[in-house]
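Shared between the two complexes below is chain A, which pairs with chain B and chain C, respectively.
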Partner chain A sequence: MAHLLERYDSARHGWSRREATHLLWRCAAGASPSEIDRSVDEGMTKSVARLIDSQPESDEFTATENLLHRSALKSGNINSLKNWWLYRFLKTANPLAEKMTLFWHNHFATSNAKVRSTEKMDVQNALIRQHALGNFAELFRTIARDVAMLLWLDGNANRKRHPNENFAREVMELFALGVGNYSEKDIKETARAFTGWHVRNDEFWFNKVQHDAGKKTILGKSGPFKGDDVLEIFLEHPACARFVATKLLAGFVRHDPDSAMVDALAERIRAHKFEIAPVVQELISSQVFYAPTSRRALIKSPVELVVGAHRTLDGRAHLSECVQLMSDLGQNLFEPPTVKGWEGGRLWINSATMLQRANFASQVTGGERFGKFGASPRTRGSESETVTSYLDLLLAGSVSKSTHQELTNYLRKAGGSTKEQTSGLVQLIMTLPEYQLI
Partner chain B sequence: MIASPRLLISCLLTAFATGSFAQDALPEVKQLKGEPLLSALPSGAVAFAETSGLDGLIAALKASPIYQTLMESEQFKEFHSTEEFEKVQNGLSLAEFILRMDLWEAGEKIFGGRAGLALYPKKEGEQPDVLFLLRPADPRAWSKQRIWTDPLLGLAAKRIDRKRFSWGLKAYEVHGDGDSSAFFALHKDWVAFSTNAKLLEKTISLQIDDPKERTRRKLKKTPSLENDAAFKRMAGMVGGDHLARVLVDTKTISKATGGRLGLPEKMDNALVSLVAGGILEMAAQSNYGTITLDTDEHGIVLEAGFDGDPDKLDERFQVFFSDHPNSGPPALPEVPGLIGGFSIYRDLATWYKGRDEFLVESTLPGFDKFEAGVGNLLPGKDIGEDVLPLLGNSVTFVSALQSYDHLKGEPGIKLPGFAFIIELEEAEQATDIFQLFFQTLLSVLNFEAGKQNRQPWLIDVKMSEEIKITTARYLENPKGEDLSIVFNFLPASARVGNNYIVSSSLELCEQLVDALAKPESDQRIDENLHFEVRFQPLANILAANSDHFEAQRVSEGRTAKQAKADISLFLTIMRGLGAFSISTSADQDGFKFRVTGSLNQAK
Partner chain C sequence: MKTSRRNFLARSAAAGVVSIGAAAPPFLNRAAWAASEEGEKDRNDQILVLVELAGGNDGLNTVVPFSDEAYLKARPGTRIAAEAVLKLDDALGLHPQMSGMKELYDEGLLSIVQGVGYPNPDRSHFRSMDIWHSARPGDEEFRGDGWLGRALDQSQKDHAGRLPALAVGTDRLPRALLGHKVNVPMLRSIDAFKWNNGSGPEADRKRRRELIEKFAAERAAGNPSLDFLRRTTASAALTAKRLGELGDDYKTTAGYPDNGLGKKLKTVAQLITADLGTRIFFVSLGGFDTHSQQEGAHAALVGELSTALSAFCEDMAEHQLSDRILVATYSEFGRRVQENGSLGTDHGTASQMFVVAPKGHRKSKAGLIGKHPSLTDLDPEGDMKFHTDFRSVYATILENWLEFPSEKVLGGTFAKLDFV
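This part shows the complex of A and B:
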């Protein structure tokens, strides 16, 4: 199994713009031409290290991010907080950390629709970001006591004489173990262990009076377990590492990872004691990550679509409009639709969202609704070469000969200035099925 | 309205650019320069507009600190580098090349004189004819254009009536889209343009005072607009000395548009009906309307009005008008940090009861919902029967800066305090009703606060100048520098004589109690509505929230530096302004609408 995660031999198999683009699209939701060039020059190891290691942020980023963050908290407006987060995605020097923050936000799905507090959602977001590339176990322990999480999962309703199973069920099913790895009795017993985990004065409060201190039997273990004890039981269970591995593979490699791949990655998670950074580093340096079957195997989420276009085409985003677009495409930051989060994959694409993606492409190349795009035309010697240049920029790979020919024919027949012609070409490429994949 | 706007614009530009004048001076041309143009345009118009002496305004604008600030701003420099600016700049450069002068100078020398525009009705369904007459402030400037523009004019237009219109006066025709044509005449002292040849001929006749000269050019003596009864009356009302004035024969327009100036008998918007229902009814029945624009030592004044008498309107419209004199609403109370507000006279109870006479059917279900909603806050009471009859005829709204002594810190977003002052007919009964409303509302809000883990309110009572103020205080005084926006609110209410104050801020309520306790607070303004904004305190509250606005600009795609500069420029301009007000009044002389704007006089 370990061979599935063997290191990709870039010296032997090649490290070109294709591999660099594949890495950066998967880990940074897109990259500018200069970033791709740098990655090609640096090679895989340094490119991966640059993504994993914390990079210093620019002064402009820090000043703007602070301004947006402060304004969002002052106003208590969740939409302002969404704008702030999107700005981070667009401009941070640590895009992988931001991707992992979104990844865990989806994993520990909590929605402001019920929490109704920008401040609490921000606290949770900061907590997730702190541990995004840190230790999953620590994140798991901390987020179980997060105020927004407890409000979301009706923690205050969980009382000694009337245990509320909501929190227990979601912790087991969605955060730690996955479906099929526990019984209904385990849920009931777990709910008893979490009784008294309440919120009071906007803080976590262990309400001793409402806690059921009796003996519980959970996943074959017995004792007067409290909530923290139960979390440890889950972390030690083999299903936990497999569950996290499945999620990571679905997020980085392919939507439907096979059992062997999951087991291999789960073994690495346990070996690294749930430290995510080295696990992700191994994963994005692995053969399976660069395998042909893994290229263009993921459908771009709305965040990746919007962020990717701006990063690739040097855009200055209209944050509010982009946030609304992402919501219309099915990914409303801070407001996942259910406790399961955004299921993603094929569910990102339907007739309505494809039309909206096409409209986005039209606006990117011909309007200013979603921002201003400043990328200069990339004309080359011939129309065919120009098409290839844009395909290299926008797609991590080639297209079929017939598609290439059609794009070349378009460019040949297109009137207008060079800028108008290349804008039209970019719009066509952005509406290709291949563009919706990374 | 114009059949071919492109035709109009091209003709005007051609006319401005050419000014082809005869070398010979015309004998005894009536020196109408400086005189109002009503006597220089033919009768029969339905609308007339005139500007006079705009050179002063143009010069003042150019020299104004606000204009200088705009031109020196980073934003204008950014605009400089855009394609749109390049297009505009090219157009302006071409115009300056043709005019052989800078456009500011052209504006002063051209619009510094008098310009008049009139509309003349045609058959039903057809666009009215347009007539334009311009008397430049400096005709000598025109004569300098001839050398450059005569050849251009020959290309653009066809000379007509060469025998009649020669020797110092030339007439031209320009063909537009389809069958449309436009006509203009050029003289050394004036330029005239029209979409109708006969109108142009009449206008030319009116510029020539000498009967022999008219005969020689086969022009008949023609009555001017000054002789039309409606315009004579309107001109008498407003006078001739204005920066700009507009006179409209609304009676004729009404006839042509099926009556009532096209205004509906019933509104589809309750707020519009409440604020403007009576005014619109007066307008619909008016014979004429006027607008004037002037400047005084404080700033700019725009006045509009139409004839009519509110007492002669149908009985039901009396709800919108006060009985004169001195029965209008009270003036805005002067409180520290006053940002502005409005004071309005309305017999709200009668309007509400008779709403189906003012509003279309489709709006009425909204009132049922409103009553059901308010009913929850006034258990056992009906708003139409139990509440509104207790109210008097005026409502005042004020907004003012507030401090945050009730908090141990400040909200992140700072809002001004605001308050309504409601005149009461039955003070004791009304006070009880409002208390009930206040109490119930607080209970509902506390339920919500509990759900969201926010501080609930407790009802409290304070005394100010022997007046009891009912207020709410937080169970625990919130602490922090960026508290939630809800902590701007500390509701308070009080009755002072026949006035009931409902305020979002205890501080503002106390200030209003002080203000209303003074004898001068009983004074009424001789207006129906008064609205006012003071830009200095408004700028202060906006500045206090500047980082929020900067964040909004960043969200729209600006960098942090650009956003800061945008907000800074906006505040600088705002601080350059003084105050803005709108007021309306109606009496047997008609309806008047007055807008004033001033700059900040402080050094």
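This part shows the complex of A and C:
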């Protein structure tokens, strides 16, 4: 089924605003009019490379980011760290790296609700960011020794005579293999291998006295395994690449990928030896990524909703209000609800969150609660053309003819100042059910 | 009498609330309560209002063993005088600020489950609250889900698009409501449910509102996610309308106190009246961590609880909804029998839970359930021993009230109590 991941032939199938906005919504949570123009001009290869390759950050970004980061650590207030992370999302020149940082934060979901340390959450976040587009195996090995993770999953409770299965179970179920690929016995044996992985003086500490050095049998292999050995057993297990493939497809392509897709991507993951950047590069250049059934197949997360509005409309965010809104909508950064992370998809949406999403649109266009929003696409010509240019900017994809006509009629009849007229149009577009899809 | 869906529809239609028109597909009418075929059942389902008393309520000064020598001896500076308590019997009385709840008790609506706790009590606020929320006392695993979240997960319904539970006035989502198949919204106030129509001329704002509803009513487009979003948008618009109308002229003669819990429970009452299909409401009252000079603070808190709760019950009775409402309170722990040196009390263990449930749902009369724990047979820390596992209370609520199976949710079978 390798053809699923065959390169999308942009020369033959086209590279228009539709493809460019699809790519930019999925990988950068939206883009400004000029960024979209540039992507259309440059074509797929360069657009994808710009997302994958590290871009230099501006001095302004670096200075502000540093300031927010320092003050968050100084205050020890986790909410300040959330503000800092949102700022990064909004203004970084490397949006895909930021998306992947959140992706792995969700994968290795650790919550400050239990860790209760802004500093340790920050250390984990930096560790994830460092490997976000790097090597999964390396990230996996590193995060297994991360202090926040060990506190989160009760490392210190895992002792020779009283193995604690929490870490072992989650490593297998949620980090590496997925349910159905191991037995309860495997969990017990794995827990033994991780006995003595403790935290002392806020650092990882291998507590030799509490380590069970006996023979273990895990997934059919036997030996006096230590924790590190077990991580390698998981990485070599065929379920691991499939598990990561499933997650990547759900994050980039569609919520419920079929097994042929999963197999095809898992094969590429193994071929690239768990290097994430080339895998993502192939995925977002693939036929399946641009296939009609993959368009508008994902529901925007609260982060994508908020970041998208700012990136498309050149917002200057009121960070704490935006962070609070994302939390109200179900995505509280650094505090995923459970070790399973945010389930996402349709669970983001109910009548309460839908109303809040609609009210966010009203605030963005008619208020200043979440920030100030400036930019607009060039709008010369008729009302119909104005509607088209705003739709192109704000939506990933088109709307029905009748919707377009209704929007045009709205603009024709609208009173008030020109600014009020376009604000009303933008509010309408941002309240379209289509707006929640990318 | 139950508020029937038909009555509600008739009223709404007469008031022009349901304005979709005859041509609209049937799901849009149903979307009014964000439910599908199960709508009818959801309408009449029983509702749980869970009131958290955060900080560790001093149960001994709430339901006071006023004639117990051991109480008088252990509480020389913080005791409630026998002549001041609102007597329930010869041995026990409610705190003098709790006249509202005393009335509920006298009417046979209030039960007091005594001596509730769990084995190996933890005296950390965080850990103990976590145990009450997760209902997994012996389990060090932190999967993060809670007892009501798990109950919703196991109800096998598709919760997407619906509001099976709401947390009202909390800063963060309480763990009790965390599940893997449900995303429970938090509602800081009723205003969060108001539709903000943006700025600009009134006529344009009105047109936008109409267009939004029109777009939401568009037919299937071969994208199930888009259909789902349209249905939910239609549902949100109707919810906002109904709450807007109810919010602006919500009528009750119930005398809600002007305090935090009063406001939260009034919001809950409005949401229940709006009939959104929500079956579980969570509110919290904090400040019970009374380590020093506790008299005034504690009196204010139990007074707030009592006045707010009795107003809420009055309101529900006025709306003829009492039959569908059960209110339960809990706190992460009670406090130590012996007062400390600063006219306060330290973290303890077993305490009571209050339950308000309609008449006609239990075998015996509402009242005291279980004995008051002994004040002399204490654990090594000087704390009372529990005799009723909190999961028995949960099992009773789940099985006898919400009609959810409890065994998987609670990880075992627990004896059910006779408060509902």
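In this text, the second predicted complex is superposed on the first by the 433 of 438 C-alpha atoms of A that agree within 3 Å, B and C clash if a C-alpha of one lies under 4 Å from a C-alpha of the other, contacts with A are read in each partner's own complex, and residues count from 1 in each chain.
In the analysis below, contacts are C-beta pairs under 8 Å (C-beta built on N, C-alpha and C of every residue); 3 or more make two chains touch, one makes a residue touch a chain.
Computed from a prediction, not measured in an experiment: that's the story for all the values here.
Colleague: Overlaying on chain A: chain B and chain C, fit or clash?
Modeller: Overlaying the two structures gives a clash between chain B and chain C.
Colleague: Just chain B (first), just chain C (second), both, or neither: which does A:49 touch?
Modeller: neither
Colleague: Tell me which partner A:371 touches in the superposition: chain B (first), chain C (second), both or neither.
Modeller: In the superposed model, A:371 contacts chain B only, not chain C.
Colleague: Under the stated touch criterion, which partner chain does A:76 make contact with: chain B (first), chain C (second), both, or neither?
Modeller: A:76 sits against chain B, while chain C stays out of touch.
Colleague: With both complexes superposed on chain A, which partner does A:433 reach: first (chain B), second (chain C), both or neither?
Modeller: second
Colleague: Considering only touches as defined above, state whether A:328 meets chain B (first), chain C (second), both or neither.
Modeller: After superposition on chain A, A:328 lies in contact with chain C alone.
Colleague: Does chain A have more residues touched by chain B or by chain C?
Modeller: The partner making contact with more of chain A's residues is C.
Colleague: With both complexes superposed on chain A, which partner does A:179 reach: first (chain B), second (chain C), both or neither?
Modeller: Touch partners of A:179: none, neither chain B nor chain C.
Colleague: For A:153, using the defined touch cut-off, is the partner it touches chain B, chain C, both, or neither? Pick first, second, both or neither.
Modeller: second
Colleague: If both complexes are laid over each other on chain A, which piece of chain C (45-53, 297-305, 387-395 or 405-413) hits chain B?
Modeller: After superposing on chain A, the stretch of chain C hitting chain B is 297-305.
Colleague: For chain A, what residues appear in both contact lists, the one with chain B and the one with chain C?
Modeller: none
Colleague: Hey, which residues of chain B end up touching chain A in the complex?
Modeller: Residues 411-413, 451-453, 482, 484-485, 547-548, 550-552, 554-557, 559-561, 563.
Colleague: Any idea which chain A residues touch chain B in the complex?
Modeller: Its residues touching chain B are 60, 63-64, 67-68, 70-76, 80, 83, 87, 116-117, 119, 199, 201-202, 316-320, 371-372.
Colleague: Chain A touches which residues of chain C in the complex?
Modeller: Per the touch definition, chain C meets chain A at residues 34, 140-145, 159-163, 166, 172-173, 178, 180-183, 185-188, 192-201, 203-205, 207-208, 211-212, 214-216, 218, 221, 223, 225-226, 228-230, 232-233, 235-236, 239-240, 276.
Colleague: Which residues, counting only chain A, touch chain C once they are in their complex?
Modeller: Chain A residues touching chain C: 111, 113-114, 152-154, 157, 164-166, 169, 296-297, 299, 327-328, 330, 332, 335, 337-340, 343, 346-356, 358-359, 361-363, 365-367, 400, 402-403, 406-407, 410, 413-416, 420-421, 423-424, 427-428, 431-434, 436-437.
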